[in-house]
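If you scroll down you'll find the structure; I have some questions about it.
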């Protein structure tokens, strides 16, 4: 463990990094590196399942679709969590104007989380799922086998412990430091994340209630507390790269997240249309979730406004690009594509089709992947001892931004076309086709989606390469 | 134009609004939890169905299938498969997997015994009895 | 927007020429617009459902008594008038009178809540719930949702009343009161449409 | 901003209360009116009252045009569409 501590803290190196204000912020670095590593893994498994959609027996029976998908979605969650945690360890000391309460605890937490995550993935791939469930105590408290929450019980408990250690560390830092709106919103979001994760331990036998509280994790995460984290991270980067008065950025932050929760909390109802819950959710879910695009739109306008009114030209232009991209893509993915299927009269036909997949891909990338990449783009140069990367590195990073973003647009459009076909043949038609027969008609769209997936992977590789590009920084 | 826009008001609206709407959501949750049994009066959650739910979960069925529209979109909807195909078909299907037809999507062989298959069928019967407000639009799911 | 942050630091000079002025804090206006949007969508969806099932809605409405809601409308309007009076009196630095107006607004608000609660309890006792039928679903979600807004309005007015103890509000320092008043008037405005639509328009 | 004289304030209060009572009376006795006519009349009264509240209680008559447009637009849209739904 001491090796790790030494590796993560540049203080022991010959030169002291003068780009970061507090030495302990350096613990963010391994978190970001791990996040990018897991991101690559997520995309690789995404390519596998993308391929299996049209070449059904690919890698069967070694890696069946269900297993590969589970790895794809779980890696997504875990790398985003690594990103959030890295962001927390960087952002909170800077905002609080003091060193982290315990850098050592942060490094221990990092290794525990990484090893536990890796073991879980190995378990998914190396063992039949029911054997894994049996070995890890699922018989004591059955929690596995539900989307995104497939982790074994011991992993779930581990996640809670890691989250507690992380939150303890940051909260102690915050309590004795300067309290800014950005840091408070960040902490509220992170605490909310941990609290709502506790509902992953709730798994009633009654399928309706099971599904009802499953959404308390999934929806209240991505359309609730995660948006606080996202807003805080975006606001932090905007304060830094635009030099706009913190007071202005913070009041907009409060207003945007207020709108998010006002619409998003009861907006959970858009998942309660058909799962055995009373009919009034069709009314409440439609009304409130119809307004969920509003805060995303405000966030886009906000980001562009702040950049337009910037008071300095920050040399890290790539970070600014990522910040603006987050605004636009989260509005498109979460706002527009979310709205497409959110009204109960439409959702009746689109529920459980590829439209959900289309929305999910663009929203997760546009909101959460991009905000973490924004944070990484801003902080990694600092953590590596320079204000910004060289012009050549930034150029490559910006190209990677466009390749990945356009690829996700391509994936979303392919899946939307797939959804239109699926809904018309399987749901709307007077003589509806069976599921598998409908799938045959969608094959070209799945080919296209896989092609865009390869583009995305190319973009990701360019992004990773940009970290190794050296060159002189333009003055 | 004169207008004030203060951080403290924005903050108060955030805290007040969030608490306000979360309390409403809690109230609705209480109402829903109480209404679920009568809304789903036809759904028989038998012991076999409870055991079947565990089989459904520990075989990661939702990794490929949807159940009442939730899960993965790789394989057919199973919330109403009991009605669409019937119990014997389901059991026969589970035993016949995988088809090993080249290029086609493959479902693993889970090696369930007869009692487990009965439990799984009981669970799928239960799920088909849930009052989904008439979803899906047709039997194909 | 940059001028706005300046506006709050300086006391506004007395103006005689009417000029553009947003009553209260802009943040509150964003909140008000969001609330209006929610209620607006609710009302329009009600309109669509009612058009599809006119008999069901007419039958449900025939069980609604008009006396209490009419009284409630009068109470809310009176409360709104008190809020206007309160702002005006703070502007004239008549602290005592202004705080009395706030108190009176809360009295009217409480009256509304009592009447409404009586009406709702009666409905619950009659076995009506959100799941009874489409009319009662709309009736309960709209009226209970609005009821909770009156409660929130009362909390805001009470907070202003409490903070007004040490003369925080006065000429040129009206933002807090105007913000609370704007919210209260919004709750009133929504009720006027709700009253007409759910109780009277048969 | 200019504040209305006290007498004006109470006049608006009387006006709003009067219209409310009128709507209630119409509903109690207006069975002779056509089916949707009463509903449309009552919604029209609601619009008049709402207009008064927005202009004189909320004080939006001194507000910037965008805010007036949005709030009045909201009221007009909602009452207008609802009146049409009773045709």
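As written, the chains take the letters A, B, C and D, and residue 1 is the first residue of each chain.
In this text, a contact is a pair of C-beta atoms (placed from the backbone, for glycine too) under 8 Å apart; a residue touches a chain by one contact, two chains touch by 3 or more.
In UniProt terms the chains read A = Nitric oxide reductase subunit B; B = Cytochrome c; C = Cytochrome c oxidase subunit 3 family protein; D = Cytochrome C oxidase subunit IV.
Treat the numbers as computed from the prediction; the structure is a model and nothing was measured.
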| item | value |
| --- | --- |
| Centrality ranking, top chain (CA atoms only) | A |
| Centre distance in Å when subunit A and subunit D are each reduced to the mean of their C-alpha atoms | 47 |
| Centroid spacing, where centroids are CA-atom means, of subunit C and subunit D in whole angstrom | 14 |
| Centre distance in Å when subunit A and subunit C are each reduced to the mean of their C-alpha atoms | 39 |
| Subunit C residues counted as touching two or more neighbouring chains | 1, 5, 19-22, 27, 30-31, 37, 130-131 |
| Of all residues in subunit B (Cytochrome c), the ones touching two or more other chains | 1, 3, 5-6, 10, 13, 17, 24, 31, 35, 39 |
| Junction residues of subunit D - those touching two or more other chains | 64 |
| Chain pairs that touch, as defined at the top of this document | A-B, A-C, B-C, C-D |
| Partner subunit D, residues of subunit C touching it in the complex | 15-16, 18-23, 29, 33, 36-37, 40, 43-44, 47-48, 50-51, 66, 70, 73-74, 77-78, 80-81, 83-85, 87-88, 91, 178, 181-182, 185-186, 188-189, 192-193, 195-197, 199-202 |
| Subunit C partner contacts - residues on subunit B (Cytochrome c) that touch it in the complex | 1-6, 9-10, 13, 16-17, 20, 24, 31, 35, 39 |
| Subunit C residues within the subunit A interface of the complex | 1-2, 5, 27, 30-31, 34, 37-38, 41-42, 45, 130-131, 137-138, 141 |
| Of all residues in subunit C, those that touch subunit B (Cytochrome c) in their complex | 1, 4-5, 7-8, 12, 19-22, 24-28, 30-31, 129-131, 145, 148, 152, 155-156, 175, 179 |
| Subunit A partner contacts - residues on subunit B (Cytochrome c) that touch it in the complex | 5-7, 10-11, 13-14, 17-18, 21-22, 24-25, 28-29, 31-33, 35-36, 39-40, 43, 45, 50, 53-54, 56-64, 66-77, 98, 100-108, 110, 126-127, 130-133, 135-141 |
